[in-house]
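First, the structure itself, so that you have it in front of you.
We call the chains A, B, C and D, going by the order they appear; numbering starts again at 1 in every chain.
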Amino acid sequence: MTELAGLSGILGAWYDFRDLNNLQRLITEWIADWGPDWLASIVTGLLGALGILGVIGPTLLVLIWVERKVIARFQQRYGPNRVGPKGLLQPVADAVKLILKEQLAPRAADKLIFFLPPVLIFIPGILIWGVLPFGPRMSVADLNVGVLFLLAVSGTAVLVIFMAGWSSNNKYALLGAMRAVAMSISYEVPMVLALLTLVVFSGTMSINGIVEWQQQEDVIFILLFPLTALVFFFAASAELNRTPADISEAESEIVAGYHTEYSGMRFGLFYAVELGNTLVVSGFIATFFLGGWWMWGLDEWVPSWIILLAKTGAVYFLLIWTRGTLPRLRVDQLMSLCWKALVPATLLFVVVAFVQRTLLISEGWDTTIALPIMAVINIGLSLGAIMLFARVARPADLRRPARIRMAGAEIGGLRAARSVAARSEEPQFQVGGD
Amino acid sequence: MSEFGFHLAFWSLAAMTIGGASMIMVSRNLIHAVVWLVLSMLGVAGLYLTLSADFIAVVQVLIYVGAISVLMLFAIMLTPRAERDNSSSLKTAGPAGVVVIMVMIATFWVAIDTDWGSVREAALTDQARLIGESLIKHYILPFEIGAVLLTAALVGAIALAREDDEDAAVHAASLQAELDGREFDPVDVVDPPLPAVLTAELPAEPESEART
Amino acid sequence: MTTSDDTRLAMQGTIEALTAGAGSEPVVVNLGPQHPSTHGVFRLKVTLDGEIVQDAEMRIGYLHRSMEKLAEERTYTQNIPFTDRIDYLAAMSNNLAYCLAVEELLGIEVPPRAQAIRVMFAELQRVASHAMANGTFINDCGAWHTPLFHMFRDRERVLDMFEMTCGARLTTNYMRIGGVAFDLPDDLLPTLERYLADMPENIANYEALLLENEILHARARGVGVISPEMAINSSLSGPVLRATGVPWDLRKANPYCGYEQYEFDVPVGERGDCFDRFLVRMAEVKQSLHILRQVVDSLPEGPYLADVPLHARPEPGEAYARVESPRGELGFYLVSDGGPAPYRFHCRPPSLINLSALKEMSIGGTLADAIVTLGSIDIVVGEIDR
Amino acid sequence: MIIGLEHYLVLGAILFCIGFFIALSKKNAVGVLIGVELMLNAVNLTLVAFSRFSTTEIALSTQVFVVFIIAVAAAEVAVGLALALVVYRNRQTISVDRTTLLKG
């Protein structure tokens, strides 16, 4: 009879769709009534994993379509519009094509290590979803070291990328892998520092705790630490290999970087994980800096996960936008940007966060007054830091403007060139410079 | 966690750890060895979890898998292909094996025979906060020393690994001088006197101009 | 001081290692013949020390079609379609240069309307070709196709006008010895008017998107620099030469087709880097639109084709005609032995000669710089290999 | 059977011995470093096991100790690999068998 009671409990709670966790808790309790402990924990874990996979899989298919459509609109094209209504089935067709394609492996490849990466890359790609809070109690694992977990898991992907690039026995792949490794080691530093700022200020390492802090103090972190948010956004897009930092798979230079030699669905897996990572990183940016599932009381009326998805979508659109607009930086430029601009900037704000947090706690200031003041100070500091770095970190090459002059009557070699250059009149146009 | 799940976790993680470590011994390719090392490290991280040390486990993954193994791969990639051999040296393998077996017998004996008087209390909760607090309360001096050590290691590693062309030239010239039995002055290498061609007065050059 | 033989040997080895710059192994990377940014089947063999280019070697010939030899077997008129396929991104300019050479050989006077039409299509071709060059250049800098697609839109409308006039978009085969193949269709001039009206806004859009883009500046400024002296010594021409500051444009220096009637300026750069080349092309598009405006306003009436026998047999002799193609000085050298086919047919391809400076420009930069430099030279492999 | 402290200790001992053997027998300097890392991991594992099977205060200080060991290991690897690089640059090999200049 208890089984039936459990079932009716599930049925009774189905309408409370604002909190999907209710469902899972009910199922676990129902199993715990009659089954062993371990079955309950295994079923919980499986349900979480299946839930994530069930959400991500279809979302990715739609996202491919969204990204292609949006980019197409940026580029004055229609984008996919042949397969299915409005081209919605195009990603499915692509996936079918990739699955049916022959999977090649270079003869000189290191076979074992070549086969593993497309599978292994999925592990961090899925694990990272586990700590994303979709609602007050809606994350698969609300770890109290959630931020560290996030960093640890995202760090392991580098190794897989290196394995892929090295084992392909291809120079493009190796160059891409080396670039990817160097990049993600470097960009992990500003990322860690940016998260450290939040951890210091909110006093918790739990990701849900950070959201709850924002809810409690009625403020979102992008207002308190705008530069940190910007740095995190850029560092994340660098870790995701998206333009303007997609040097590890720079098409115009090294073809496809570390996955040059992967064909068929093996490439498809890399692509899917990359897209999934983009989505989850947008989710984390929304969680850390935009208040996650909370939105000034709107979460009372709208399911929290819809709020998070909306914010995630906004960040994702921003990522597509930068990708569609900006050219790519060079490896050394990205490195010097990271070490000379992003790291000092985030370090500055770690110190600022320490000071402000200490002031808040030891002086016992009223947060409703102190936080807005701090936000204004920090926004000013951010603007100042950006202007300072723009001046200091700018290469000397760019200080002089590029000029185009018009030679009307002069035609000839060096002498004519000198006379054109010596003419005192203003050049026809002039760009750049200080 | 139930007893069965615990057993399952412990034995599979132990197999993963020991298996990975053994494969390092066997594999002849250094890059494979690093990959096995990562597997072993992940196993250890899992074992930390079975010991309810979640902070240490995450740090283990972050440092060993995310940083140290990548650093090793980098060092391997910076040396050429011929140096990626991971074979054991035959000369030392035999004696090493004997020593290791002796150590193993001794440690096993100690581990099993000693009465450790182990107690099983509830695991620490909120370890990150506790460890952090004790780091800056009780262990502030070691903490600071650790920071200095890391800085020193950073500076040292950069200073060691970095050798520009000029340094290389000075080094080579000093060795050559030693071989030849000469006195060596590094200034000659760093700032050699200009060749006569460059210091001579140039004839006035007619202005070059393209024919139009 | 006594040192053992072992030690001496070890020291000797160390000295060798240090002087050879050991510690890093140079890697030879083949960019191409199948590579996304070599713009065709062209192979660039670079030797890399890490990411720094130590040596760059160009391997050409993958698209060789033996055009110069084939042309010796066909009549002068039959050779015009070959010239389309030499530089397939600027077929009109190639047609024009070849026809000018044959006309010089035959001593033919081209009617004024034909000349104006030739100028019109040569300038339209320049707009189209520069749109392609700048778009792919930004792509080589790593943009995700967005500027390329926007510029393709402009090129597309030019190609539509070509199609309207001669039925072909790419390999136009439009110029004839003594004029052009067809008169302008009725709706060409209104289309061109609309195009001229729309272009300033489009160009303003590109300038807003690209000119102050810090990343583009960082990628292209001070990259692939070549000095004016070196550029002249390597006989570079076109935007690559003008970007170094040398005002050399055949439309001014050696006017053909009545270019002397039109008012336009020659934009020159200052530093000869990739960004200057990009800017020069942007400015040249504006000048071309200015010329087009004047051509449309002063289009003379009259015949569009002089009376030329189909199988002309020029007197024995030689002729060289050159035009300012979008890529530089494009010349055709013809020798006649009095027969219906040229005895010798030679093309001076600007891409090939501009490409010869790539090694000079890319050594010492990074791999990414070499790609950007290659993109800024704007090569067409069909023209290099012929 | 209950998995207790001894299981972890034996596991740690096995791991330590494997690391020890690798460190002693490998020719490649990076291989030796890998062995040293394994040994450090074994020690960490043992310490964490002790921390689990002891009173709360000892548990905390043991974990702090592990954090220090991990930090030192990171420093050691950085310096060790830099050394390997320098040795390679000067001697064209990172085989510890052939870096025997001090033998005289």
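By our rule, contacts are C-beta pairs under 8 Å (C-beta built on N, C-alpha and C of every residue); 3 or more make two chains touch, one makes a residue touch a chain.
Everything numeric here is computed off the predicted structure, so don't read it as measured data.
Here A is the chain whose Cα centre lies closest to the centre of all protein Cα atoms. Of all chain pairs, the one linked by the most C-beta contacts is B-D.
Distance from the subunit A centre to the subunit B centre is 29 Å, each centre being the mean of its Cα atoms.
Subunit A and subunit D have Cα centroids separated by 35 Å.
Measuring from the averaged C-alpha position of subunit B to that of subunit D gives a distance of 10 Å.
One simple way to say how far apart two chains are is to compare their mean CA positions; for subunit C and subunit D this gives 61 Å.
Shown for subunit A are the residues that touch two or more other chains, namely 411-414, 416. Residues of subunit C found to touch two or more other chains are 14, 18, 23, 229, 232, 246, 248, 253. Across the assembly, subunit B contributes residues 55, 59, 67, 74, 78, 127, 163, 171, 208, 210, 212 that each touch 2 or more other chains.
Subunit B meets subunit D in the complex at residues 3, 6-7, 10, 14, 17-18, 21-22, 24-25, 30, 33-34, 37, 40-41, 44, 47-48, 51-53, 55-56, 59-60, 63-64, 67-68, 71-72, 74-76, 78-79, 83, 85-89, 91-93, 95-97, 99-101, 103-104, 107-108, 111-112, 116, 118-121, 123-124, 127, 130-131, 134-135, 138-139, 142, 146, 149-150, 152-154, 156-158, 160-161, 163, 171. Across the complex, subunit A is touched by residues 27, 29-30, 35-37, 51, 138-146, 149-150, 153, 209, 211-219, 221-222, 228-229, 232, 244-249, 252-253, 265-271, 275-276, 279-280, 283, 366-369, 371, 375 of subunit C. Considering their complex, residues 2-22, 24-28, 30-31, 33-35, 37-38, 41, 44-45, 48-49, 51-56, 59-61, 63-64, 66-68, 70-79, 81-86, 88-90, 93-97 of subunit D touch subunit B.
Within the complex, the subunit A residues that touch subunit B are 36-38, 41-42, 110, 112-113, 143-145, 148-149, 151-153, 155-156, 158-159, 162-163, 166, 178, 181, 185, 188, 205, 411-416.
Those residues of subunit B that touch subunit A in the complex are listed here as 1-2, 4-5, 29, 31-32, 35, 38, 54-55, 58-59, 61-62, 65-67, 69-70, 73-74, 77, 126-128, 207-212.
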